[in-house]
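Naming follows writing order (A, B, C, D and E), and every chain is counted from residue 1.
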């Protein structure tokens, strides 16, 4: 894996927002790491530490206040073609039904939706368990259903790089597990580089090659953990004692600092 | 506890929505249970099984298609005073800053905000870890921060009945634990009846007196589980073997049916 | 009970109109309001039937034609303009003041220029109607285009779909409630605009008819023209509502779908 | 580079105006456009200075006073009206058509009634201005009030705060972009309305001045009145933008805060 | 030959000759294909003529003199129609206004942009009345008759030709109508005249001549046949009320056929009266008496 050139590279990135009151909000500082080709990297960190900001930097939607984010060795100055994103909010379009929301990237990027795209959309909806809801309108879906539509949408164009911001947060344990394994299956069948933000330590361990653990605001990388478990991972992996141990280590890592809190 | 009259009572409740295409969506069926005074009840169930709908029925925002929901023995026909709600989406008002969003129930219900309310809001913001953000605007907050503001808002009026729809879903493990214990502390200091929707089995076990486990759409009660652990519960409770056992039982319960999926 | 409410809901508008007409008629009788001041509904109707139907049709057609053409022209120009304004801050800062200038110029003052430049016929009237009609559409649509939530824009940007698609797939659909609100306002403005144009330069049309009748102090006849005019406006207004309901139901509030 | 863009951005509006004036002036020279058709900017300025400042002030004050009073009245009536319309479907179905009727009635046609009923003075003019101004505010505000997302309404309902607070704490703030868009449209309508009113009944005011100058074939002088009028409109329009920026910045799109 | 003739205000009985001429084939007999356009006031007609939107038109001579004096409008008057000024005071028998001087202290309404307004103070002064003693109310023309009928004002200022239209409201209000023409109180000069553009004069003088001859014939015939004149208008403007139109036309005849026209002949510009017309304009507009030689605004060459 080290032989591959880094797909995503953060070079000493710093992000400072200007609040509406004019005061600076120091969101990220000193981010410096690389993500290799077809790597599955999770990001863990306290709420408000800058995970979504990190993802938006990779996507090219915002630009770092200092340092640079590179994709395939090129500085990111605007959004790129090969990226698919699941935002933290579902961000669906109320004027389309579920299926058209899923095919939206095709329509929006290439101007039209082919028959195959509609078929693929239905497949993806089946995959996220919403085959029956293809013709429904967005406001008839539950919160978790909307999130799943957003996941299906991000997968439609089969992107090289997949950025996912807490995609399973509104899902129950069962659906979550199912979706995790589906994601792994897709990832292994059509390899892609995945940056996956989550609050679930087991999920991060189950899915990723490496886990970036972030510290509180201003967010920075506290530790990058290699996940040693062999692939394909299954339900069994969860009961591996090493799994629990690593989970506890990360837990300790995340829970350590804020003794003051 | 059985001596108290039921605070919330579902009498054979059924909920059928009419979709935009005119076809009925059968969301809930045959709900029939009681929640006693000062009980802490969690609801677990697959995504889209009707949890939020159940909560909206209790809140009086919607009315059952059949059967009746009663609070303190009276049929719910409209929203009631003693209820505080955390919705699944944060639902904050972009034209107020964080503090004013928290004091909003006071302003909205009684027309004005007293000094004490503002103080209480700051306390609550401190409790959810957002003391520094009282003067910020909503769009400057991360997803998890917005959710915490919504929690603080629901607590402001110190309601008798607290309805919470996945309040901790966007929070990291540490914050989530902290918030759970804070919630328990508030609940024991000022007893209230809590209906708590979550996807986390440990969370449900840690917090509740009873857990309602729901089945897939059309949602109905699959099992109601009494949680036997003594209070006050602490981090130790989590390592109790009975805890793991019960968690596994619920997990099995939730994971059992959809063999077809 | 529910049925009564439904009936009431259904016939309330009609009943309200009947009521108003009744009060009006009664008032003209009771207070002996002279017909040259405020003619009674019956005298208006009588005056209306006193005019030859073919004359009516000629005037209605002249007004309707100009109003619809001006309205269509306004939409055809205002929406692209709103899009340009929303896309470029520079353009918006440059063009907006000029639009305000155009909008706030009283047409009567520049009518001679318009008529002389565009000659006789419908053209100058269409242009005058257009000038009066287009501004609300521009302002409202621009506001809607700019009000699109950041997150939807980011979705579009992340797909690198380009500004055009961002406009047509995201901003315009989002702006539809704003746009339709303006389109509704503009129907009546289109009719008013045509009438103003007909006051300034015309030998036909309801505006001309009204001005003409007034110049002879034939007020009931003028009012009958007014009634037709108002019916025209109402029809256009309703038509816009119908189009919205039919083709963009999601842009309506839930209660009105 | 960035500085140049900033400079451009800053002075673009001014430059655009200068450009337009330049082209205009050149055109009047080159094509020898007769001044009674389209006077050149210089002749307009000359004519403007030919009028006594105190005369100007008298006319400007008359127009401004009526425009502002009519505008204020329109806001004062339109917003409560919009609230009522948004609160009751019945009311909305009953009142809306009547508002369309009022809006689409050409003022000139009912001028006699207004003048005879309200007499001379500012009253009839204020009423006319009001009639022309209030409709967009009603339509836009109603649209905005009804467009408020369901979830915010549910938040309000869950607090049992009552309809009034729902309106004032939730719906109205949400409708502000709609409202301000209408308020912007209405500034120019208020000025136009005043001018129309001054055509119908006045012995003072810029509308009177313009029509008066035109009827005596003093076209450059009429245009100088027009310029003042347009400046008035621009000022009011800007003022609304300023108020929005100052008191409700969140109702503006991010790019314009 | 095509000729566009622009009447100076909305069609009415007093505009009958042009309709009569078209209907009776007087113009077509002269080889003219006449189109009637409707102007909005005398100055509108001057503008339209100057820009070529119309070839010939009718309008108050004062407006033309004014336009030529201040804007060098390329238009000329080529024939007179009214040899007396049409302006008048309309009042009711119960108003106590018997002569012009009686308006002192009364309420008088006038159309906001009536050309009469400017000379009004001069006419008053000429009759020894202080203009400030009259309470002048300016309103929409449509409001004049209602205001007089409802008694909100004691008098209005109108052209004589409008008088028949007042009949309806007056009858409804049970009042008796009375008119005091200003021409009887020292206001002299030419009123309605035929204008044409300098272009027309230099490029199609022969057509213009034929037109004027035909127009004169039409006028003379219409004067003899008022009912026929009204009927001709009715044919082309079906909205009009034929009886009122006839009344209007009859009301305008004395303005054309009177001692002045008898002396000078129909259509002629007599230099003294022309000068008088100009001096009223100059005085009322605050223009120097020598700002214009009124002769330069007329062209008599088309009158036989």
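Keep in mind that, in the parts below, a residue touches a chain if its C-beta (ideal position, glycine included) is under 8 Å from a C-beta of that chain, and two chains touch if they have at least 3 such contacts.
Per UniProt, the chains are A, B = NitT/TauT family transport system ATP-binding protein; C, D = NitT/TauT family transport system permease protein.
Source: prediction; values computed, not measured.
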* **Chain pair bearing the highest count of C-beta contacts** => C-D
* **Superposition of subunit C upon subunit D: rotation angle, C-alpha, nearest 5 degrees** => 180
* Structure fact -> When centres are defined as mean Cα positions, the distance from subunit A to subunit C in whole Å is 49
* **Inter-chain centre distance, subunit C versus subunit E - centres from mean C-alpha coordinates, in Å** => 37
* Cα-centroid distance, subunit B relative to subunit E, in whole angstrom -> 85
* Touching two or more other chains - residue numbers and ranges from subunit C -> 36-37, 112, 116, 150, 199, 211, 214, 219
* Asked: Can you list the residues of subunit E that touch 2 or more other chains?
  -> 47, 51, 142, 146, 150
* **For subunit A, residues contacting two or more additional chains** => 20, 89, 137
* Hey, which residues of subunit B end up touching subunit A in the complex? -> 17, 19-21, 25, 44-48, 50-52, 88-89, 129, 135-137, 140-145, 148, 166, 169-176, 178, 199-201, 251, 254-255, 258, 261
* **Contact set on subunit D toward subunit C in their complex** => 8-9, 12-13, 15-17, 20, 37-38, 89-90, 93-95, 97-98, 100-101, 103-106, 108-110, 112-113, 116, 135-136, 139-140, 143, 146-147, 150, 177-178, 180-182, 184-185, 188, 191-192, 195-196, 199, 207, 210-211, 214, 222-223, 226, 229-230, 232-234, 237, 253-256
* Would you pull the subunit B residues touching subunit D in the complex into a rising list? => 56, 59-61, 78-81, 83, 85, 87, 89, 91, 93-95, 104-105, 107-109, 111, 137
* Structure fact -> Seen from subunit E, its contact residues with subunit D in the complex are 41, 43, 46-47, 50-51, 63, 66-67, 70-71, 73-74, 112-113, 115, 118, 136-140, 142-143, 146-147, 150, 152, 285
* Structure fact -> Within the complex, subunit E is touched by subunit C residues 34-37, 51-52, 55, 112, 115-116, 119-120, 199-203, 208-209, 211-219, 221
